[in-house]
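Next up, some structures in structure tokens.
There are two complexes below, and they share chain A, which is joined by chain B in the first and by chain C in the second.
Entry: the complex of A and B
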């Protein structure tokens, strides 16, 4: 009996915090409501009023059920992981309501696909007729990707005044593990402070540039705001169906490139640079790893595209080749060519290069996805360490170190954890490729799209369309979710769910 | 004499129709352009679509993007000609349907490898304009009911919170 009551306590405490995260995120719907009111998009205003009320009702109800146990039950690791993973799932369903009510998605599954794509900063789109989408819904799409990049739990934590005892466990559950300052609440606030400062500067830069390339001032502002939110969060959404190609502008592409590269860097690195430690950029294992892999992949892709005559001059190779490689590597997914051009023009080698770039991804504790530069660096260091150990005598004990904000000793547990996560990503990628080929897509196209969803990138070779098989849509949603939360918290949720079902079955069988 | 005239007219019709076919292929589905880009590269084509977003003025020339409903394509066009497009598609607006004739570039060397069309002429086929988006009564009612429920629930939660 005591155990059952304790299980209920677990549920109550999880409910309370999930409700809190839902209310925090749903409150952001006030921004598209305000936007739609200003631009007289009355039908959209109603869509968002319905959606925000559903979210607030559910959030308040969940907080009601758990209120009595807050500060009485200690938040454990399992709670933190489940709060993060279940918040993401519930929010995906709730935030898809305005999409569905807009009538632009075709089905609720497509709406959920787009929301998960936004939250996980993937950037794949199933919403149709983007070019006629309301400003309100466009605002919502980009807010989703901006908030998803920093994390909804991070957002909720930064507003939390009381009950912050288990905050660190929830924070880790969302795939972040770096504490910039000793307190998690302040770390969350700092992450938001960094992002908001960049948002203001970046939007102004893109706004001015937008007017120079011929956009009207109001339109240039919204394009600048949306594109910055997407670039910084390495999301890949854009207000127009042509994505970055719509602007036909080198300067706009250069600015986005700078923003998504900065956005893919670790928040701890941003903080260190803000604190005056500029050398950290060159010393950090993640930036070293990123610049080496980005340079090598860009070089070989550019070489192949030039030699095979796909592009006739250096500027074209840079704008199409290097831009898309960096967009893939930082897991942004901005594209300045049509999805099918990868398949029909680029050739197999360049596509393989993009797949590798997408799988490697950006930095840990950033808005980017993929294996992450830190893990790639650790894996390489561990290989070098193993080789060195073999070459040295048994009596000589050598300590291997790497630099990530501070000098860290390369420990076996760290290496094991890096290998484990990389292995999980590879398995997810192979399953995605296999399902794609099962439905008749070519192997390379399936692999490209699987790498894109696994690494939360958003580039497409043409597989992701509203007419693709439902199973593939569901798998892609799962892959984006697992990839963004880095497996562990989702595994905890699955474990608890199946454990609960198993216990229920056993109980029923005993009766 | 009449026979000679008939023959000349027939030849003229034949030559004219063949030359039109050879000059420009019609494209209403832009995906066909993308899929067959290598074959069509540097050819003269004609395509129809809705002008979307806005014209981006770059001096003597402007960029106009036109859409077939699912895919959009960039048109590099003289600014004077671009001014003939009055309506651009966006939320609650239908853009002008235009017919563009010009040269298709798979990877335009002038524009950093963009797939585009350098237009020589443009014709407005259908004029666009404002679309009225109806406000559903059922949506209105649901919104009112849900707002009411949220306010009551919020009120009870605050009371419950204060009492603890």
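Entry: the complex of A and C
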């Protein structure tokens, strides 16, 4: 009996914080409501009013059910992990309502796919007729990807006044583990401060550039705002169906490259540089890892594209080849090519290079996906350490270190954790590839799309369309979700759910 | 963190990223020759 009451308390405390996160994120629907009111999109206003009502009702209900326990029950690790993972699932369903009501998605599953793609900063799209989407829904799509990059739990924590004791556990549950300052609430606020500063700088730069390339001032502003939100979050959404190709502008491509590369860096690195520690950029294992892998992959892709005569000059190779490699490596997913051009023009070698770049991804504790530069660095260092240990005499005990904001000793637990996550990513990638081939897609196309969803990239080779099999859509949603939350919190949710089902089953059997 | 720190930080990050892109651009131009 005691155990049942305890389980009920767990449930209540999770409800309270999930409700809190839902209310925080749903409040953002006020922005598209305001945008649609200004531009007189009355039906869109109605869609969002319905959606915000559903979200707030559910959020308040969940908070109400757990309110009595919030001061009495201490937030444990299992609570934190489940709060983060279940918030993402529930928010995906809620935030898909305006998509569904717009009538542009074809089905609710497609709407959920697009929302999960936005939250996880993937950028794959199933919404139809993007070029004629309302401004309100376009605003919502890009807010979703901007907030998803920083994290909805991080957003909720920024406004949290009380009950911050268990905040770190929820923060870790969302795939972030670096504290910029000792207090998690202040860390969350700093993450938002960095993002908002860049939002202002980036939007102004893209706005001015948009006017120079011939967009009307108001249109240039919204294009600049939307593209920046996507670039910073390494998201890949764009207001037009042609993505970055729509602009046909070198300056626009250059600006987006700058912002998605900066967006893929660790928030702790931003904070260190802003504090005046400029050398951190060169010393940090993640930037070193990113610099080397991006340079090597760009070099070989450019070499192949040049030698096979796909592009006639260096500038074209840079604009098409390097742009897409960096977009893949930072897990952004902005593209200035049509999806099928990867398969029909680039050739197998360049596509394989893109797949590797997509799987490696950006930095830990950033908006990027993939198995992250930090883990690539740790795996590489551990290999060097093992070789050195073999070559040295057995009696010597050597300590191996790497630099990530501070000097860190390479411990076995850290190496094990890095290998574990990398293995999980690779398994997820292989399953995705296998399912793709089962449904008749070529191996390379299946692998490309699987890498894109696993690494939360968003580049497509043409597999992701509204007409693709439902099983593949569901698997891609799961892969995006697992990839973004880095497995552990989702495994915790699965473990608790199945544990509960097992206990209930055993209880029924006994009766 | 003062406003001066923030401006310096943003300029530093944009500057180094541009430098990195310039390195990639130069490599491309050499390969294309």
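Definition applied: the second predicted complex is superposed on the first by the 511 of 511 C-alpha atoms of A that agree within 3 Å, B and C clash if a C-alpha of one lies under 4 Å from a C-alpha of the other, contacts with A are read in each partner's own complex, and residues count from 1 in each chain.
To be clear about the criterion, a contact is a pair of C-beta atoms (placed from the backbone, for glycine too) under 8 Å apart; a residue touches a chain by one contact, two chains touch by 3 or more.
Just so you know, these numbers come straight off a predicted model, no measurement behind them.
**Q** Both complexes share chain A, so when I overlay them there, do chain B and chain C fit or clash?
**A** When both complexes are placed onto chain A, chain B and chain C end up side by side without any clash.
**Q** Please determine whether it is chain B or chain C that touches the greater number of chain A residues.
**A** Comparing touch counts on chain A for chain B and chain C gives B.
**Q** Is A:317 touching anything from chain B or chain C once the two structures are fitted on A? First, second, both or neither.
**A** In the superposition, A:317 contacts both chain B and chain C.
**Q** Under the stated touch criterion, which partner chain does A:262 make contact with: chain B (first), chain C (second), both, or neither?
**A** second
**Q** Go through the superposed model and pick first if A:241 touches only chain B, second if only chain C, both, or neither.
**A** In the superposition, A:241 touches chain B alone.
**Q** Check the residue A:254 against both partner chains and state whether it touches chain B (first), chain C (second), both, or neither.
**A** second
**Q** Can A:281 be said to touch chain B (first), chain C (second), both, or neither?
**A** second
**Q** So if I put the vertex at the Cα centre of chain A, how wide is the angle out to the Cα centres of chain B and chain C? Nearest 10 degrees is fine.
**A** For this superposition the angle at chain A equals 80 degrees.
**Q** What is the contact status of A:474 with respect to chain B (first) and chain C (second): first, second, both, or neither?
**A** neither
**Q** Quick one: is A:298 in contact with chain B, with chain C, with both, or with neither? Answer first, second, both or neither.
**A** second
**Q** Looking at A:109 after the superposition, I want to know if it touches chain B, chain C, both of them or none. Which is it: first, second, both, neither?
**A** neither
**Q** Between chain B and chain C, what is the tightest CA to CA spacing in Å in the combined model?
**A** Minimum over all C-alpha pairs of chain B and chain C: 13 Å.
**Q** Quick check on the output: what are the common chain A residues between the chain B footprint and the chain C footprint?
**A** Residues common to the chain A contacts of chain C and of chain B are 313, 315, 317-318, listed in rising order.
**Q** Could you list, by residue number, the parts of chain A that touch chain B in their complex?
**A** Going through chain A, the ones touching chain B are 41-43, 46-47, 49-50, 53-54, 56-57, 60-61, 63-64, 67-68, 101, 128-129, 131-135, 213-216, 219, 240-242, 245-248, 250, 310-313, 315-320, 336-338, 340-341, 344-345.
**Q** Inside the complex, what are the residues of chain B that reach chain A?
**A** Chain B reaches chain A through residues 31, 34-35, 37-38, 52-58, 62-63, 65, 67, 69-72, 74, 89-93, 106-107, 109, 111-116, 133-136, 139-140, 142-143, 146-147, 149-150, 153-154, 156-157, 160-161, 164.
**Q** Would you mind writing out the residues of chain A in touch with chain C in their complex?
**A** 197-198, 201, 254, 257-258, 261-262, 265, 270, 273-276, 278, 281, 291, 294-295, 298-299, 302-303, 306, 313-315, 317-318, 321-322, 326
**Q** Over in the complex, which chain C residues touch chain A? Could you list them?
**A** Residues of chain C touching chain A: 1, 5-6, 8-10, 12-14, 16-18, 20-21, 23-25, 27-29, 31-33.
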